[in-house]
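As structure tokens, here come the structures.
Two complexes, one shared chain (chain A), two partners (chain B, chain C).
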Partner chain A sequence: MIISKIVTLNFIYFNLHAEEVINSNYIKDDKSGIYGDRLQISTIDRIAEEIDKDNFASKNIVFDFKFINACQPNLNRTVINIKNKGYKILLIDISKKLCEELAFDSIENSNNTLQGDIFTKFYLFENAHNNFTNIEIKPADIFYEEFKSTIKKYINPHSLPHSSSFVYLTSYVDMKKFMSYEKELLLFSIYKLAIKIKTKWQNEIEYGPILICQSMNSAFIVSILSTFLKLDILIFDKIGPINKLYNRLDNTISDKRKYIIVSDLVCLGTEVKIVKSLIQFIGGNCLGNVSLIKTETLKNTHIIKENATIAIFSIKRANNKELNYDIFTDLESL
Partner chain B sequence: MSKLISIIKSDITFSPYKFYSDFLDAVSKYYSNESTIPCFKIVENGDEEIYNSNYRIDPITIPLLLSLFEQLQKFHKSPIELLLYNNRATIKLLDFLYGSDFFYLCGDNMNPTYPKGRKIMSFNDGFIGNLEGKNQRSEHKVRAYSLDDDNLTVLLAGFESEEQKRDFLISHYTYKVREHFEELLFENQFTLSYHNSYIDILSELITNGVLHSKSQTFALMFVDRFKTKFSISDNGIGFEASMEIKDPTFYYTYNDLRSILINRKRLANISDKILDNLYSIFETLYYSSIKERKGLFDLMINVVLNSKGYFRLHTENCQVIISNRMMDELNDLEINRKEIYELHNRYLLKLIDDSYYKNNLINLSIHMKTSFVKFFDKAIDKYNNDIKFSSLRFYKVKFRGVHIEVEIPNL
Partner chain C sequence: MSKVIIHISDLHVTTHTKSNGEINQNIESHLDTNSDNASSNHYLKLFIDKVKEDFDKVEFILLVTGDITNSGEKIEFEFALNHINKIISGLNIKNKNILIIPGDHDVHRRSIENELEINPTNESHLLHSVKFSNFSSFYKNLTQREFPADKIIINHINIENKIILLGINSNYKINNEGGKGFIPIESFGRELVELKANLNIENLNYIACWHHNFTSGYEDKNNGQWEADNRIHLLAELERQNIKFVFTGNEHTSCFKKISSSSISTSDCGDFCSIKYDSTFKIYPIQIGSDITLKNIIYALQKPNGNDFKLFWDIRNNGAAKQPETIDLYIENTQLIKDVDDALPHTSVQDDNVKTEKRIEEKKFYDNQLISTKLYNIVKDKKLYHSGHFHWSETSRAHNWIDVSKLLENKEDLYFVKNAIIDVIETFNLNINCDLIVGLGYEGNIISSKASIKFNIPYTSLPYSYRYNDHDNYEKKLNFENNDGKYKKVIILTDVVNDGRTIRKLIAKRADDFFKSVTEIIVVSIFYTGHQEINTDILNYNMLPEDYDFENDHEVNNIEFYTVKSLRVERCPYKKNYKKECFIYKDDLSCVHLFYDEKK
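Let's look at the complex of A and B:
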């Protein structure tokens, strides 16, 4: 399974660290989470197989080396074999040292861009006038577009009131269906979320905060996040959309631990607030909350940073029309 | 009752040197006089002289010990008996061995929390108790690897070329050693920043071991405040036999270097058979230095030149110790290697044509060969001048397989 493959009109994108994380944790059972920083031949072999199998229309490939600090010796031969099949390869975010170790530095291209010790762009071909060198590549944008076009398929019209907050929604995001049908993108999204959590709570992560989920969907997300981040989890039986608690809270929440609340989609954040209150009532420390998707109902300037949900995709003013998603009430507009 | 051979002598650190020189000698003497299965005493004085005895073991000797016992166990087709003593004099030693998982590994442990027992030795585990346990932080771990584990033999059969098999195994062992030695690899800021180099060392050497030995390969990692040590030991076919089966290429044929070395300066009092071991070590390093793939040679250069460490290679009766005392020769070799590796890569990238590649590679290989001959001559000269500080060591008793020790200072 290749999770990070994104096919665009002009190129095919692969995130090598994400693939390495899948290889090490799920195929090789190495249990190093997202903390591994070396790329192995078995990972790049899987990508090479995928490229062979799919026979893409585009012959341009982007390999994203972000978070990769070392490679298995002789890995360059697999990459060169892909190149020798007629593909034009661009490496992004690859360190100069790694480039030298892989002996790619004998290929010169005037479009290669070095910032400090990192090549933001390193072309594995010498023709500086090839069209591929003119294409702007931003991994965050590539992912955003891919996620937007995919999630669109799972947004359905909805006429009933929102179940936990007193508002109406024009549409309903069928997360369950998205999670069942789009496994690869889901895993890549959870990987991205794990990276965001690690970056946001760099210091706290060391002391092992607990990931909390409060619904069936988020239980699935949390189980993968816990593998990626090597953190413990706590499953709250059910807080929203249907609210029912089976466990006694003082048995499960410890006042000595810190907690991160995980959701699949945060619309107005009612459930998040309930969970946060429950944790704080027992004396636990709530670090914050994360979600795959969130809606940004406030302007950027009005959002209080501490309360903001960390998410890998936002439904916001710039895209809610395109996604056919709106929140409204029965009140008359003034 | 079998006759006893004691392993660790009082007041003498049981180091690899002592292992190769004294201990192997004692075992060999036993076999020339006795026909029964030997029994080993962990310490010389047992329960006697407990107030006057001190026992110390250099952790990197543990894989050698396991390797030897595995050979004996295979020979006798039964686990080798080991007598343990738990007293004032031995308690620290037992604690140390226990902490390294030595007893789990060589006994019959089936508890998955610890390494699987390889049934090499039999001992009374009642003696392993009441340990001091003061030092909960483990600073040394020993592990065994073989193609019988993890269904590897079947998985390897799926690959066509030798290279693919190697790459697969190195990948596999990278994940394994990261898990097995995790606490040591990420022990402190220093090991953290070098953990990728350490993983390279372990995975490459373990792969060499299991591929050639077809039996167990024992690996140990040890970290203290001053240095990080690795010891990897197998009892396989050794350098000589593995070089023999290499396919010849247009730039290398079997015995290329050896045929020259054989006519160079000789060492007095060392038999031809023992010198053969020395040639085979040089031949292997030479072969690795002109190949298109990175391997043992690159690892050695990295350890010695970049990390200022020691790289000790032992096979049968001979050991070569490579350190930065030979800086000039090694620098020369490294420069040649860089040129050769670049040439291979440029050819693979189709930046140069066939004839340019072939001609240049042949020339560079000859150049490399000359550098190796110089390196060899210098080592021989030094040995003849002062054996004690020489990089060459010759031992009376043959110890099968390849045994590599790497020592890197925490600078």
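Let's look at the complex of A and C:
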């Protein structure tokens, strides 16, 4: 399974660290989470197999090296094999040192861009006037477009009240169906969420905050985040034993640990607020909340940062029309 | 050139003259630090000559599994270096073919005590560089390599890309007061995975080599000289890493034993140079062909004590010593494809009766004692087995309950449980031709993630059938259509199964549109809490006991069931009259809990 492959009109994109994380944690049974930074031959071999299998129309490939700081020896052979099959390869965010170790530095292209010790672009071919060198590559945009076009398929007309807030929704995002049908993109999204969590709470992560799941979908997400971030979890079942039995919440929530609430989609955040209030009422400390998708109902400047949901995709003013997603009330517009 | 492993251990090179000039009267080893090396040299020569006599034109690999010295003193290591170098030069052993592992007697306790005087700590076993200071110098001088005191895997020898001898340090918990064998599991697993990745060779046969015995040939106890809990975890990890053989020393007894309830065997070569007791070593000639095997040759020191010659080495009879002639690392199985095919349940309708009979005869069930024991220990340690009166539905009541959500909270326990599920699936090849995995409830969703990713099988989830009404509609949709019978084999993963009523309800009522075209329904659970003897058939309606309450149940007979651990809970004996007769419920005597919303 390759999770990060994104096929665009002009190139095929692969995120090598994301693939390494899947390979080492799920195929090779390493327990390094997202903290490993060494690319293994078996990972690049799996990508090479995928390229052979798919026979893409585009012959341009982007390998994103972000977070890869070392490589298994002789790994360059597989990359060169792909190149020898007629593919034009662009390496992005690769360190100069790694380029040298892989003996790629002998390939010169005047479009290569070095910023500090990092090549933001390193072309594995010497023709400086190839069309590929004119294409702008922004991994965040590539992911955004891919996610947007995919999630669109799972947004259905709704027009019923929101399940936990007193508003109407024009549409409903069927996250469960998305998770079932788009497993690769789901895993890439959870990987990206894990990176965001690690970046946002760099210091707190060391003290092992606890990931809270509070829905069936978030249970699956939390299970994977626990592997990626090496964190404990807590099942916060609204109607289950945790709230009813032995006042167990009291015993489960510790004032010495911090908590991160994990959701699949945060619309108005009502459910998150309920969970957060319960945790704080018991004396727990809520670090924040994360979600795959959030709805930005306020302008950025109006959001209180500490309450903001960390997500890998936002439904917002710039895309809600395209996604056919809106929130409204029964009140008459003034 | 064929290759031969020489396995020696427990040399116990002992200080001959004490610091006050007194001769040590308690020397029990033929190898000591007497500046007149004549006796030690004679002993080594007997050994070298015998090996050379029996093995001509072979490449030797030398394995020394610890206790090279008696008390880790510098002088003992200086003489040990000299003694082992004689073996190396006498048998022309290449540097790359030497695997030396420390034992607890190679830990220098005085160095630890000195360090503690300056820097007191109650974790003196963690002073690795201090406790191995003398051993490290010896190791460097002998092998020209630095000794990695903080690592678990010290070194390895790759034998023709087929066998890996892993040198492992089992002295993690040894401190100035001694201690037992202990290997930190996570570090060991991580280092091994790294090594495997670096080697990047498929189908390697790993042999772990360390000092401490983890079963006994001499002492009448199963644990050997190993910390009990760590031993269970280690055995599970070895199983997981597919390591089937461990070469050890420490017990001063030549033996070969299979660890009960596991597929792991251990070979102890015995004490190399005991004056008082049995002295032995082993030689394992390697045979690599379509099969990969080691011959297990035991050499024992004969002590005729004649006036012309006192000692000689001779081969011991394996049969009489109750040890196998060969160690089978890999035996080509030409029946493999046929066996797998036979192991898969057959699906044709007309075979159903035959299939049922065959399964009963086979008594097929998951039986990895190491994994189920570890799971049970987590339940025990975390106190997750509760008593009270618990309801899962109007027809399902018990006086015990296992708190699985608490079990899954710790990341290590969660990792273990996910891998236990993987182990069940792999043991019975359940993933082959599987079309869909369904996780049940929050817990099922959590334990399923690894299986769904590792085997790359489509995945969805459903609520527990007794909680259906508590969930939103979108959570109750399976999202996969099966009108065309595309999904023939489905695995359902869940945390606990009792009598299977809720599973049958799910299949026959909640998601019957989908399941009516499914021919193989495999249910895998962490726990089975029911009362039947475990077998793959027990969740089928036709297999329910006569006294079962069949009311409101559903007739489903194509379920194949596997569980990691059977842990019975007691049913509430008052059946429908529980409200009047069950004193726990009636008088609120202990915890009374409903796992569903009665109002719905």
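Criterion: the second predicted complex is superposed on the first by the 324 of 334 C-alpha atoms of A that agree within 3 Å, B and C clash if a C-alpha of one lies under 4 Å from a C-alpha of the other, contacts with A are read in each partner's own complex, and residues count from 1 in each chain.
Here is the rule we use: contacts are C-beta pairs under 8 Å (C-beta built on N, C-alpha and C of every residue); 3 or more make two chains touch, one makes a residue touch a chain.
Values in this document were obtained by computation on a predicted structure and should not be read as measured data.
**Student:** For the overlay on chain A, clash or fit between chain B and chain C?
**Tutor:** They clash: once the shared chain is superposed, the two partners overlap in space.
**Student:** Touching A:S42 in the superposition: chain B (first), chain C (second), both, neither?
**Tutor:** Touch partners of A:S42: chain B and chain C.
**Student:** Applying the touch criterion given at the start, work out whether A:S4 contacts chain B, chain C, both or neither, answering first, second, both or neither.
**Tutor:** In the superposition, A:S4 contacts neither chain B nor chain C.
**Student:** Contacts for A:T309 in the overlay, against chain B (first) and chain C (second): which applies, first, second, both or neither?
**Tutor:** A:T309 contacts neither chain B nor chain C.
**Student:** Who does A:N69 touch here: chain B (first), chain C (second), both, or neither?
**Tutor:** first
**Student:** Does the superposition put A:K83 against chain B (first), chain C (second), both, or neither?
**Tutor:** After superposition on chain A, A:K83 lies in contact with chain B alone.
**Student:** Please work out whether A:S189 is in contact with chain B alone, chain C alone, both, or neither, and reply first, second, both or neither.
**Tutor:** A:S189: touches no partner chain.
**Student:** Tell me the contact category for A:D174 with respect to chain B and chain C: first, second, both or neither.
**Tutor:** A:D174: touches chain C, not chain B.
**Student:** Going by the contact rule set out at the top, does A:K31 touch chain B (first), chain C (second), both, or neither?
**Tutor:** both
**Student:** Of the partners chain B and chain C, which touch A:N289 in the superposed model: first, second, both, neither?
**Tutor:** neither
**Student:** According to the contact criterion defined above, which of chain B and chain C contacts more residues of chain A?
**Tutor:** Ranking chain B and chain C by residues of chain A touched puts C first.
**Student:** Between the stretches 6-14, 330-338 or 348-356, which region of chain B is in steric conflict with chain C after the superposition?
**Tutor:** 6-14
**Student:** Which residues of chain A are in contact with chain B in one complex and with chain C in the other?
**Tutor:** 24, 28-32, 40-42, 72
**Student:** Going by the contact rule set out above, which residues of chain A touch chain B in the complex?
**Tutor:** 24, 28-32, 36-38, 40-42, 69-70, 72-74, 76-77, 80, 83-84, 103, 106-107
**Student:** Which bits of chain C are touching chain A when the two form their complex?
**Tutor:** Against chain A, chain C makes touches at 186, 189-190, 193-194, 196-198, 200, 240, 403, 405-406, 408-411, 414-415, 418-419, 439, 441-443, 445-450, 452-454, 456, 458-461, 463, 467, 470-472, 474-475, 477, 479-480, 591, 593-595, 597.
**Student:** For a test of understanding, state which residues of chain A touch chain C in their complex under the given definition.
**Tutor:** Residues 1, 22, 24, 26-32, 40-42, 72, 163, 172, 174-177, 179-181, 183, 187, 210, 213, 215-217, 219-220, 222-224, 226-227, 230-235, 237, 239-242, 244-246, 252.
**Student:** Under the stated contact criterion, what part of chain B meets chain A in this complex?
**Tutor:** Of all residues in chain B, those touching chain A are 163, 167-168, 170-172, 174-176, 178-179, 182, 196, 199-200, 203-204, 293-295, 298, 341-342, 345-346, 348-351.
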